[in-house]
Structure formats: structure tokens, C-alpha cells
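Structures for review follow.
Consider the two complexes below, in which chain A is the common component and chain B and chain C are the respective partners.
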Partner chain A sequence: MAEATHEAFDPLATGSRRRQIRAKATVYGLLLFFALLYLSPLFIIVMNTFRPLEEIVREGFISVPGLLSSQYWLEAWSGFCLGGTCEGVSPYFTNTLLMTVPATILSTAFGVVNGYALSKWRFKYDTWVFGLITLGVFLPAQMTLLPWAFVLGKLGLANTIGGLVLVHTVQGVSFTTLFCRNYFVAVPDDLIKAARIDGAGFWRIFRRIILPLSPPILIVCVIWQFTGIWNEFLYGTVLTSGTNQPITSAIVAFSGSGTGQRHYNVEAAAVIFAALPPLFIYLIGGKYFVRGLTSGAVK
Partner chain B sequence: MPENTTPTRASWWQKLTDWTPQLVLLPTLFAAAIYVVLFSLWTLWISVSQSTLLPNMAYGGFGEYAALWQSKRWTVAYQNLFLFGTLYVLGSLFVGTLLAILIDQRVKFEAMWRTIFLYPLAISFIVTGTVWRWIFHPQTGVEKALNDVGWLSAQFDWITDRDMALYVVVFTGIWHASGFAMALILAGLRSVDGDLVKAAQIDGASMPRIYRRVVLPTIWPIFVAVTVVLLQFAIKTYDLVVALTQGGPGVATTVPAIVVYDLMFERGQIAQGAAAAVMILVGLAIVLIPYVLWTGWRARKEGQNHG
Partner chain C sequence: MSSLQIKNLRKSYGSVEVLKDINLEAESGEFVALVGPSGCGKSTLLSIIAGLESVTSGEVLIEDVVVNDAAPKDRDIAMVFQSYALYPTMTVRQNMTFGMECRNIDKATQNETIKRVADLLQIEPLLNRKPGQLSGGQRQRVAMGRALVRDPKLFLFDEPLSNLDAKLRVEMRSEIKKLHQNVGRTTVYVTHDQIEAMTLATRIAVMYQGVLQQYDTPKAIYETPANVFVAGFMGSPNMNFFDAKIVAQSDQLGVVIDGGDGAVLPLPSDRHSTLADGQSVTFGVRPEHFSPAHDRRAERKGGVSVVVPVHVDMDEPTGAETILMVQIAGQDATIVCEPDGAPNPGQDMDFEIDMQKISLFDPESGVRL
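Coming up: the complex of A and B.
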């Protein structure tokens, strides 16, 4: 496409030799500067997970490490105390996992079928249905906090992971439906028409035509939903408490309400545990992550 | 009589099959109707009710809106959001554009650069805020490091300074979001016709000038889209401030979403909290409705041009 025409021209290979070198140095110099700026927090935090507390207190986070030990990782995972329970970050990590995985799967499954139905089976008021579902993408969480608290209470899901799964599934379906609908619109209608003439129904077309075309958008949905739900904070804080909270709330409770001795090294390791799963997903599926951004943001 | 029942059952079955798409959408439609419509109206009603610590659904008028706009905390939060939003969007667009242009120079290891600039987006605001709080805090971060290497008079305490703390939030926000701007703008740059650039080059224009005058103006719709998304992020900003400054020092970095939470869950003023939530919705609507109308108008215009 347009990429090919752009490919043909190399801005760094024009002009005099000296100008070329200067241009190259500027470009790579700036890239390196920003790369260091972006990576430095990650580097600083990882380094401090290995340093003894008194060294951090004495020298701050940014200094050359002396003694290194991996014991703080263990303490962060299963040792430190939060609100009377001394099990480290692991129970909250498990909570987030138990919340994120079902909500991701459910919202993606619904989104794929919804997107297919809305893009390939036109019916009266279908754009209104799509519009209503899409509004959920933009609705600020603050507008739904009190109703959710009430509804989850009535359903017996107050202060449970199941309640958060419900909340994130309902909210997530808006995103996945939007993604999938915009993706399936590009599938030629003739393909569907031909299948219908052959007598194939809704589900058979879904299985035979739509699903085989779906892996890219499925990956986009899963990555988007997983990182979004894993990183969510407000619902978790409002709708759960104590040992039922997700990891983001636990991080804030642990590092924010520090009275007395701070445990920077253990806190740093806990922060890494909170960041690791979405970071891992991003690193293995980066291409799809970007695609989700572009399709979710611009459309 | 089988001859009779078969057709009716078939037509009944046929009807069900005809309605499959609608039936499939029913659960989501039901959930969306509750979530989007009912919940919004519910919160709207709470904002004009007599609720205080507990919900009291009797009508109480618009007094809470008046009280909200008269409270110092809210007006400060609102001004903070204005300043934060402006600088955050402009900063992210600037850095994002710069990075996109740099990567567009057919650099080596493109995938690596992209991965580095975009990874903050995969990390939660809570983690981002916590980490940068340590770096910005004078006792643990940059100031401490500068003092320890011998620059004893070095001072960098923006995060505890009422006048400067908001800029710490702006910086951290830009760190988090500029990769997003970069990804979208880079996609835009890649869609620009190479001949256009070549023509400008033959005319003797320098690269920075070509970008400023030729390339960037052609992808302006992308800038509008990125701006709208970033403004949305800005209006919803909550976690980042909680982890970074908790709204402080004082109210220096308090934003509307923090006021909502405080009113609803800390101060037991549910109605006023709901009023503040409605104001956030209004802010989003002010950004989004013109954008949606504008994209619709452009799509129609394009359709006419092509037809």
C-alpha cells in the first residue's frame, strides 16, 4: 500500500556526506535519550528489589547498588503484612488473576458474536443497538459506582471477585463489540451471501467463515481486555475490601498508607509483580496491542 | 397428524433462526441498557436527591450542584484538570510526534524503539505513579542522588511543592501516554504519499521543514483523533494521581475524579458526589459529541465526493 511508496525514499540518505552523518547522529541521539528516559524507571525499580533496606534509606533509589539479595522478592510474594494478614502480594495477585481471566474470556466471547451479528446480519435499528453498546466505552466509571455497589449487593456479589468479573465483563463487552464489529465489516458480504444461499445459518457461517478469520481480532481483544482489567483500580477499590481486593488496590494500600518503617525493596518487588503479567502480554503480542490501539481509538 | 405439525414446527423453527442475530445480542443489549441508560439515570437522580451518607431517593433539587461549584475543592480540581489536560495533551502530542518522526527515518531496530516507547501503556497507572513518586520524592529520588554525589545544594522537590506538584503529574502522564500518540501518528506518517515528500525535497526543503509544512498537515485528522482520546484519558484521570500524590500536597493535584471518590466514599455526601460524577460526564460529552458529529459529517462528505 502507501507504505511501499514511502519505503522507496530514505530521508537519512540524502544531502552531503557530512549532513548525512549529522542527521543520523541527531536521530539516534534523540532516540537513545528518550529510550533511556522511558526505561530508567523500570531499571531503577528492578535494581532496588535486590538492595537491602538500610542501603536504600541511606542512599535513595538512584545509586550504585552494593549488596544484592533476592530475599525481598520472596518477602513481597508471600511475606509482608497488609491489614493484619501476612501473606505478601500473592493473594491479591491471585484475586486479580481470578478476576481478569474469566472477564477477559467472557467479554471477548460475547464481543466476537456481537460484532459478527451487528456487521453481517443487518436488522432494523441495528445501528441504534451498536450505538448503545458503544456508549459503554465512553461512560466514566464514576457514573456507575453507586449503582454497581447497589446491584452487586442485591445479587449477593458485594465484596467478591465474582462481582468484579461481572462489572468488567459488562464494561468490556462494549470494547470487544466495537473492535470486532469494525473488524468484521471488512469481511466481504458476498462471502456471507453465498453461504446463506447454500443454506448455512447464523451459527454455521460463524463457525465456518467468521471464526477462521477471527484470530487477529481475538488476540487484540484478549490483550486489550487482559491489560485493561488487570490494571484497573477504581472498581476494585470501591467494590471490594480487605483480602478480596485486586493487586492494584493492595499496592496502593501497601505503599501509600505507610506509617512507621517503609520497606522500599519489598514494595518495589510487589510493584514488579503487579506490572509483570500485562508487560509480558505486551511483549509477546506487541503488534496486536498497537492494532487494538488504532482500531479502538480512531474508529 | 405429522403432515400438519411438521410445517408449523418448521415455521416456528424458521422464525427462531430468523431471529438468531437479535437473540444473540439480547444479553448484551440488556446489560448495556442497564449499564449505560439505567445506571446513568440512576446516578443523575441521586445527584438531585436528598441522599447524604445513605441513599434517600426523595427529590431534593439542584442544590448539590450549586454547593459543588461553590466548594473550593471542586473549583481547584476543575482548574487543575484544565491545566493538566492542556499540558498533558500538548506534551504527549509533541513527544509522540517527535518520536514518530524519528522512527520514520528508516532507523535500524525499529521494532525495539517502538517497544520501548510504548511499554508504559501496558503498565497500570498505579505502578507508574508509585514508581515515579519514589523517583520524584526528595528523600528517595533525584534530589537525594544529586546530593549524594556531592551537589549538596541541588533541590528537586516538585512533588512536595504546592506550585509544582501538578507538573509532576503532567510529566508522568506524558511518560505514560506519548507512546500511544507515537503509535497512531507513526501509522499516519506511513500512509502519507512518498511522492509528496520527494517533490518537496526536490524543491530543496529541509527535512524538518518538509515534516512541518507537508507531511504533518496532511495527517491532521489523526492529531484530532489522538487529542480526543487523550482528553478523555485526562478527564477520567484518577489512579495516576492517587498513586503519585494522592491529590496533594493540600489540594494541589486534586482532580475531579478524586473529588467524586472523596464525596461518595469518604465524606458521605453521596448526592454531591453524584453531581460531581455527572459533571465529569458533561465534560466528556463536551469533548466527544462534537467529535462524533464531525467524523460523521466528514464520512458523509467523503461519501458524496466518491459517489
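Coming up: the complex of A and C.
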């Protein structure tokens, strides 16, 4: 629908021939300029992953590479010394994966059920419950750091990936509940009433009617949670240390390890490893993300 | 046996009372129409019968069992919604089997039932489509089919035809009537359309502002409306209401329309009991109970009529009949007459009123006299 209306009216294709050309040139010129501007860091970093260190030192960070080598990628992945071990970023990459995947699945699952219950099974003070859950959306992470450190300590989850999974699941439920509840509000209540008369209960209605309507919002939740948790840095840095850290916290070591010599090329490759999964998710899922946020549940 | 009883039912949302002391009962096999203007509480009442809403006070009985606290699935009812409420991700077949699946009915019986209902409603070719691929009329049929796969104690309909275009609505109306005659189940049918209520129901419950105004057969509701609201709501075009007075002439009572030439319209003698000389009344005459004076229609049927002079302001020919906007004794009125004898706008003409069919109401309370 939305796409059709965009096509139906093209303001750049109105007016005289000269106006059309001028308008198009301006618009596309500006778009190209900003696209290059935003892409330049990525481009420079990728270039540096292939350059020998002495060339970077000699010619500076921004320069056309002379000699290309892929050994720095390998070094960054499995050889580079970081946080006391010399196995590259791969252990930390695994840590992040072990944290992000369960936390994404759990927070999305809880959010869908919460959203369904809060939008379709009204109970006393349900708006209060909803308000309290979504308060988490506006609560700065810094404020929850000490309480979390305390809770994880009590649970015996201090400095563990499991602890981070718990933190991210609980923090994420605020967002996923908000997304799902607002999505399900658009599902007609009559569907639920009809199903209740048909004899279906809470979970059967969820499985047979709500879930089949949910893929767009599930995709939104998964993308949001996956990228958010993958890129998260504060909890990982404060609540874990050493070899238990997620990759975002581990590569902080680049900033001031004090060994004197900076390995720009290896560091650049490591940074790209850290950024690759969210980038990948955006590339394949970005379209569905926008679609899920703007589409209604029932056409 | 009465299959549905509603006793002293009240329903409030917060401080707003939307149903006020409703009493209603339906015999087995009856077709009850709940009719009234939008917002009068019809859907709320139906939801309470279905168990989708709780009662504030009072009782709902289905087949003589109080079901106030029974869940919808335990009430043995089937319901058709105004929005149809078809499950959008399921095919038509799945929409219809979902309820049977919930009640653990075996596959063979399910298939048999689907076949029977699909034949009955002629939706066989639609069974594998999704609701999004159906037209409005087809969706309506499927919604009916979903209700008909059961053999419930009660069928509940909430304005099932109001989303269809006029022609389809009339077709489906007679189909629903036929279905009810075949299936013979007690049905409660909500509508704001008084013609639907008149044509379908064995009894009509007229509601207004949460109060049950009258509960009776269509004929009784039409001929002896309990108050001005019912009289005005049922029937199209609306009943005419004139401000009038009762006068006594010898031993005969009559009605004099205010603002006219003082002509006395004598009342049939069986209408005298509660009336007194000089009493103000609201004098109600349905548009079709006027007829051109020269036809002498009422007399030919053995009735009593009186002649009134009428000034025609405007006419609306519908083809089958002509609706006249007229002045009688300076008060606005509507008359329905045959197109052939119809006067033209601006013309004066004598019409007679069939006095057997008139209604009198108390001008203050609106109650029938």
C-alpha cells in the first residue's frame, strides 16, 4: 500500500524539463555525498585490514593500500593477544554469540506473551502493569548497573555469560512488550471472542490465532534485540571481566593496553569481526524491520 | 420449555449503567430480534448472553440453568459477529473446524459436518481460501458456516448483515429466515434495522437507552406500540404524531387535532376506557393508514374512517408507492399512497384516516393510552 502511493506521486517528475533535471541532480547529488560520507569510515577500516603495519605508520591511516595481505584477518581472529590470552577475538565473539542468541530468543518470547496478555486479556490494573514494564524503556542502563551487580552476585552469576543473558533478557522485555502490545492492539477483539466461543483457551488462542499473525513484529523484536544486545557494551564491561567478556568490551583493550606498539591493521579486522553480525542482520532484515513497524496485524 | 431467560439484568461500566433491569425470555425454537438505535446496549446484552461480558446484577438462564458464571465455551452457543471475526491466517475450512478441534471432535465427523454445512451454504468452492480472498458476502456466509457447524442451544447474531450492500442484505435476510426454519434453533438476533427485525423475528425486543421498551410479536409491536419511542422507531416512513385533544360529543369520544378547523375525528368505542374529555394526547397515525377519501378504503374493509383535508408540500415517488410530505392542520405529516391516485405538490386533497389503526399516547410520559 505505502509503496504504491510513493510510486504514484513523484514530485521530481513534475514541471518543465529543465526543472526536472535540476531537481534530480540536486537530490541525487546530496544523497550520494552523504552516502559516501557515512560509508567512508567503513571503507577506510576495511582498507586498513589488508595493509602491513609499517605501511600504515609510514603513509598514515587514510591512504590507498600498496601491498594487500589477508594475514591480519587471521591474526585478529585467532592469534592476537587480548585481555591476557593470545587467541584473537574468537573467544569473545563466541561469548557474545552465547549471550546474544539466548537473550534475544528469551526476551522476544516473553515480550510476545506479555503483549498478547496485556492487549487481549484485560485485567484489573493492566495498564499499570504495562506502564511499569515499559518504564524499563526509559530507564538509563547506568541506573541499573549496581542493582544488577548485586542481583547477579546473589544468584552466583557474577562474571558469567549466563548473568549477561539474564540482564539482557529482563532489560529487553520492556522493549519487546511495548512493541508486541502495540502491534496486538490492532488485532480485532472479536477474533478473541469468537475463539473463546469456539472453546479455545489462552494458549490455544495464542498459538493458533496470535502467533500466525506475529511474524512482522517477531522480526522487529529479533532485529532490535539482537543488534542491541550484540552492540551493548556497558553491562559487559562492568559485570564481566577477563575471558568472560563479550567482544564489545574485550576490544576496549585496544584503547590503552600500554604495550606501546599499536597494531592498526589487526585492530581494524577485529573491529569488523565485532560489527559483522549486526551489519549482516540489518542487511537481510532491514526491509522487514521497517515493514513490521509500519504494517498492521490484520489487513 | 424456555431456552433463554434473562431476569432483572443490569450492567454498568463504572458509573454508567448501560442495561437497566432487562427481563426477557425466549421459547425453544424462537427467533428473537433485539432492535434499537446504535448505542442502546444490544451488543452488550448479546455479549452477556454469550458469556463474553459479566453481569452487574441479575440472572441469565439457558435451558433453565443459571449460566452467570459459565465460560462462553460451556454455554453451548454459537455466535456470528458483525465484523465476521474470521481467523485471518486460517483457510475457510480451518475457520470452521477450529471450534470442533477445540472440542476434540474426531476428524471423520469434522469432515462430514463441513460437507453438510458447505452444501447448505454453497461455500464448497471457498473451503481452501483465506478470508482475505473472499468478498463481503462470501465472508458473511463463512461466518454463518462457522456457527452452523455446531448444534448449539442458542444462535447469537450481532448485526450480521450490516456490512453488506442493500441488495445482498435482502437476499441474506431471507436465507437466514430459511435457515432458521430448517435448523429450528433458538436464535437471538441483534439489529438496528427494524425491517430486519419485523421480517425475521417471532418476537421483537425493542430497546432504547438500556431499557427494554416492549417485547412482543412483530404484529403487536407494529399495531399497538407501547410508547412513542417504539411507535416512532418501528415502521418506515415513521408514524405521524399530532398534538391533539380528546372531546366528548354526546356519548361518543373523538380526537381534535390542535391548530386545525376543529373537526372531530370520532374514536371507535372500544378505545374509550381510559380517556377523558379535554385530555391532551399525542395522536399517532402510520403513513399507510391514510388513503384518498374517494377510495373509501377503510369502509370497504368494514372499518371506520374520517376525512381530513391535506396540503401536499412535496412528493417522493419510490415506484411501488409514493411518499407525500404534507400539512394537516398546520402540522407536518407523511402519507404513503398508491402512485396512480397521488396528488401533485402544492395540491389540496381529502384523505381519510383508518381510525381502527390509530394510536394515542400520553404527551408527557409517551406511554400508550
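Here, the second predicted complex is superposed on the first by the 275 of 299 C-alpha atoms of A that agree within 3 Å, B and C clash if a C-alpha of one lies under 4 Å from a C-alpha of the other, contacts with A are read in each partner's own complex, and residues count from 1 in each chain.
Everything below uses one rule, namely that a contact is a pair of C-beta atoms (placed from the backbone, for glycine too) under 8 Å apart; a residue touches a chain by one contact, two chains touch by 3 or more.
Quantities reported herein were computed from a predicted structural model and do not represent experimental measurements.
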Should chain B and chain C be called a clash or a fit once both complexes are overlaid on chain A? fit
Could you look at A:Pro188 and tell me whether it touches chain B, chain C, both or neither (first, second, both, neither)? second
What is the angle, as a multiple of 10 degrees, that the CA centres of chain B and chain C span when seen from the CA centre of chain A? 80
Is A:Asp198 contacted by the first partner chain B, the second partner chain C, both or neither? second
For A:Leu53, decide between first (touching chain B), second (touching chain C), both and neither. neither
I'd like to know which partner A:Pro212 touches here: chain B for first, chain C for second, both or neither. second
Is A:Ala158 in contact with chain B, with chain C, with both, or with neither (first, second, both, neither)? neither
Per-residue touch tally on chain A - higher for chain B or for chain C: B
How far apart, in Å, are the nearest Cα atoms of chain B and chain C after the overlay? 9
Residues on chain A touched by both chain B and chain C 298
Chain B partner contacts - residues on chain A that touch it in the complex: 1-3, 5-12, 14, 23, 27-28, 30-31, 34-35, 37-39, 41-42, 44-45, 56, 59-63, 110, 113-114, 117-118, 121, 123, 129, 132-133, 135-136, 138-148, 150, 170-171, 173-174, 177, 201-203, 227, 230-234, 238, 248, 251-252, 255-256, 264, 267-268, 271, 274-275, 278-279, 281-283, 286, 289-290, 293-294, 297-298
Across the complex, what residues on chain C touch chain A? 47, 50, 52, 71-73, 77-79, 81-83, 85, 87-90, 98-99, 102-103, 132, 146
Listed in rising order, the residues of chain B that touch chain A in the complex are 17, 20-22, 24-25, 27-29, 31-33, 35-40, 42-43, 46, 55, 95, 98-99, 102-107, 111, 113-128, 130-132, 134-135, 139-142, 144-145, 148, 175, 179-180, 183-184, 187, 189-195, 197-198, 201, 207, 222, 225-226, 229, 232, 235-236, 238-239, 242-243, 246, 257, 260-261, 264-265, 270, 273-274, 276-278, 280-281, 284, 288
Touching residues on chain A, where the partner in the complex is chain C: 188, 190-191, 193-200, 204, 208-209, 212-213, 298-299
